[in-house]
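Note that the chains take the letters A, B, C and D in the order they are written out, and that residue 1 is the start of every chain.
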């Protein structure tokens, strides 16, 4: 079998999803035999942006250098996978979007040249075409491993788009909203975390991203009312959605 | 043959559990796990959720300690046992030679399930008639013991769907707890033999009379829907009205909780996985028609908008099931109302459809 | 000027050697990772959301962030954390230390010792060690999943305690697997220690760690340095000197004397080796490590000691574990005293300070990360070894190796204090 | 109890034919496989990747039967098959499933076939059926359109189609193309161009759903009865045997009650968007 050529790039993030890449190789050590990694600064010294089959990109795009890099990566990769909530939606750093960079941040920093950030925090697909999206803060390492194995075998995953509640119920986890009257973003959040937070008895805070294929502005408004009654202010809900679904949320807003 | 009623007290329920267990059966019932109502194996009367009452409302479920209370159900239904949420289908390691997964067919008894649950099993029996995996689990059910609903919950409407509050068929034993007494009746020969083993006396006439009264009252309380015929007609008439369905589904967020808790929702999606040593596995798992992917194929989508999937859900329950299997797919258990985080009331929706039709 | 992209570290950084007449004359450790302005983004958030947000600062040591934030709020909101819940939280923190060290020792650092460029080369030549290392990391992952929910950004730490206790059966399973993990760990440890190529020259180093009760350090009331100076958590910011340099996105810190200092496993080891378990000390003595460690390369010895120590501590925790229901301790509604805390993240002292408004929302915040504290020391150690040496690619490699031995976590060392969120001291 | 219903048999790809861009026909040989009737489908399994429902476009009986499946690379499984499966490779296969064209019920009738794009695949066995049992049917009309000439399926057989006695065979493409001398426009336009004896004609239609609706309505206008117009529908089919619930259209399970329906039966459902 020809080796699958993979490159792993990190943009602005906590690097956590990179560790899930490493994890996927730990649980499938044989992957290393079928994969050749041409770029992965966290793991190796030799790094060149070469032609690859798959580029895995983690992190959000926050400056023009990163935009350039991402465009180069797109040119040289057959497939591009956005890995994690930062790459798919922007990530927690999106919470700063909307504040004036120049007057606040740059003014306070001794050498503005080193602060290379744009006012917006962009998802990968707002800069280049993306073939796979694996959200999650962090991405679910098992899902990533499944995808990598399938890519090595020459196929891909068949995406299923459903809410976290589906996973919750399949696992028989008690509903924190209905049983405990706690705010939970599960109903509007994309599945794939294994209904993690509810399984620990707490509400989901939406780290896998807003189920934007279903939840439009009106439905989000209805949902806001529900969580408000459960004790989460609109501001707080808005902040969570901005933190973990910035790209979707801004599309919703601009869609009017 | 006139119906024979037997009377006992709650210890007879414990005895019944013992007899079933004595026959090597796993007895599955609603039980409490800490403070949570689950559906699982019980060993004795103590494990049953007797002495608790479930207070249900739209998006609200509370379990209260209440000696005289009545426990109905939770987000679990017998579906968890008969049509498991995640099921292995087969594994292939040697080329494509697929080996079917094993299904646990250890014999079991369903105990204390409610008439709506029983009706739901009948629906599943018909709609999954040619599903080997369902049939394997289903045929492991040796006995069904139903607890009739002397007190319907606030989200129940089995009186309207004709699936409760009394059990009408397909069970072995039915019992009703009436003010400290338990009234038993058999639904099958095997059930009758079980009751005989309990050595209960015939029920006194006044208890049977009381039973009839209580069930009648329960039926009245749980009949809050317009007549089923009217519902079906109104749903058919409204199907093409996009505006109406958009409006009716405006509060739905497509989370599919209703699908998951519905005791008759049977849809599944297949999941394929592979490893690099040449092994492949195929599984299936519950899948809700409210989820985005339902109706999607590569390159196009047959129900791209949520209102379409919501309409399918409602029409399927009341109209399409009827045509598919000759039974309504909604058994009036009210779970979809209780466990909808948005608190959408299917009963209310259906009433709106009817008044929309006549308006 | 020669520069090298920092590889095999977490996050994006660069080492730049400045030359004069072909010789190394200066060094800059640059943190080029774009800042994420965490102090800013937690502004306005309710205290209860802050642990989950700060967890996102670092993909390797999120538990430390969550716990430090939780402790800061528990202090100012007078929350009593039930003892069992605190023990569980510390166990999650412990599992994180094992995970972080195991990844560093095997994946990031070992290739240096073996002079290999990548993990794939390691996989080819030393698959046995890699597999053993993997087993430790995978077990640590499982431990974090059972107790905290996932490998990072765990979900089971809250202000006031935890959200739930893991099932006893799952904990028992971890306990059952522990002997094999310990055995595998000893294999890896013997392999690394047995290489005998950890440099022995002495670096002039100063150390700081938190002061913990009588255990090997995890959390504490304040910090101590190697000369015995103590500063309470409240006084930490005024105790250390803060500096900003133009070439890096990170702030850096020095002792009151102006000297750089080291935090992390090396510091903890040299300040607290007396508290290591007998088995751990005995193991190290077999390889001639009886006294204090002498240089930053020997951090790997400290990491090995800490993995061992931590696995033994976890064993004790598992043995005594009882499943409980959570108390859900609630905080007072008024703020009393400063919201500050220091803990020992895998890489060293982590300091959080918050000010809350009347609605218990964050008004201002300051977070000082371990790597930021080590930056000045990194440069000093590089210069002590490379000043006057030929400025060539080899020198860059040496410099990178030194940086790597600190196990810098660059994602979290990006530390910028934006306007409107300056210290309110 | 046997749990074999969803288990694939081992099939071997004996030949792969390039039909059109991203479209190939896979000849799959398999032992002891029931004979599919025209319009039925099989479920192909690519190991570890998943299953896909594909209509049988040709069947050759023998000790080992060979069935042809025309696959367009468009989803995750079909892309995999397109990229990875060649002659000599294995594919899992189960079937045949569903209700096919009721061709036997309409002996003596004129047969009209309207196909669009890849929709010709399930119609192909019908053409063969009429051609081989020529005397059992009346006039034969085949109308087939594709987007471009290159997108047409079974080009190597088109001449044969034309040689069927007492037949009209017309092709169309959607937009002008230098190599094309036939009709340019929608295939449904061709319905207006052929002679029909409505009382004695049965129509079989397959193509994109919009095209099928247009074709059916035109045929009704030309006087055909809705119960003499048959369509082969596509839905999200997963299990193929009516238990996964994915393919429901109103009260029908497309996999079990279809994929072939009379227009009469599905017209009310198809009339409502997204039902």
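Just so we're on the same page, contacts are C-beta pairs under 8 Å (C-beta built on N, C-alpha and C of every residue); 3 or more make two chains touch, one makes a residue touch a chain.
These numbers come from a predicted model, not from an experiment.
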item	value
Centroid-based (C-alpha) most distant chain relative to chain C	D
Between chain C and chain D, centroid-to-centroid distance (C-alpha), Å	63
Rounded Å distance between chain A and chain C, as computed from the means of their C-alpha atoms	25
Whole-Å separation of chain centres (CA-atom averages), chain B against chain C	52
Rounded Å distance, chain A centre to chain B centre (Cα mean)	37
Residues of chain B whose C-beta touches two or more other chains	269, 272-275, 287, 296
Chain A: positions in contact with at least two other chains	150, 153, 155, 158-159
Interface hub residues of chain D, defined as touching at least two other chains	48-50, 75-76
Touching pairs among all chains present in the structure	A-B, A-C, A-D, B-D
Residue ranges of chain A touching chain D (in the complex, touch as defined)	150, 153-159
Chain A partner contacts - residues on chain B that touch it in the complex	36, 38, 59-62, 75-76, 80, 85-86, 250-257, 259-261, 269, 271-277, 285-288, 291-293, 296, 306, 338-339, 341-343
Residues on chain A engaged by chain C in the complex (per definition of touch)	10-20, 22-23, 26-27, 29, 32, 36-37, 41-47, 62-63, 66, 91-93, 95-96, 99, 103-105, 107-111, 113-117, 137-138, 141, 193, 196-197, 199-202, 205, 207, 235-236, 239-240, 243
Contact footprint of chain B on chain A as seen in their complex	28, 30-31, 33-34, 146, 149-150, 152-153, 155, 158-166, 169-172, 174-175, 177-179, 181, 184, 186-188, 211, 213-215, 218-219, 222-223, 226
Complex contacts: residues of chain B adjacent to chain D	89-90, 92, 95-98, 100-101, 103, 105, 127-128, 130-136, 139, 239-240, 242, 266-270, 272-275, 279-282, 284, 287, 289, 294-299, 302-305, 307-308, 311-312, 315-316, 319-324
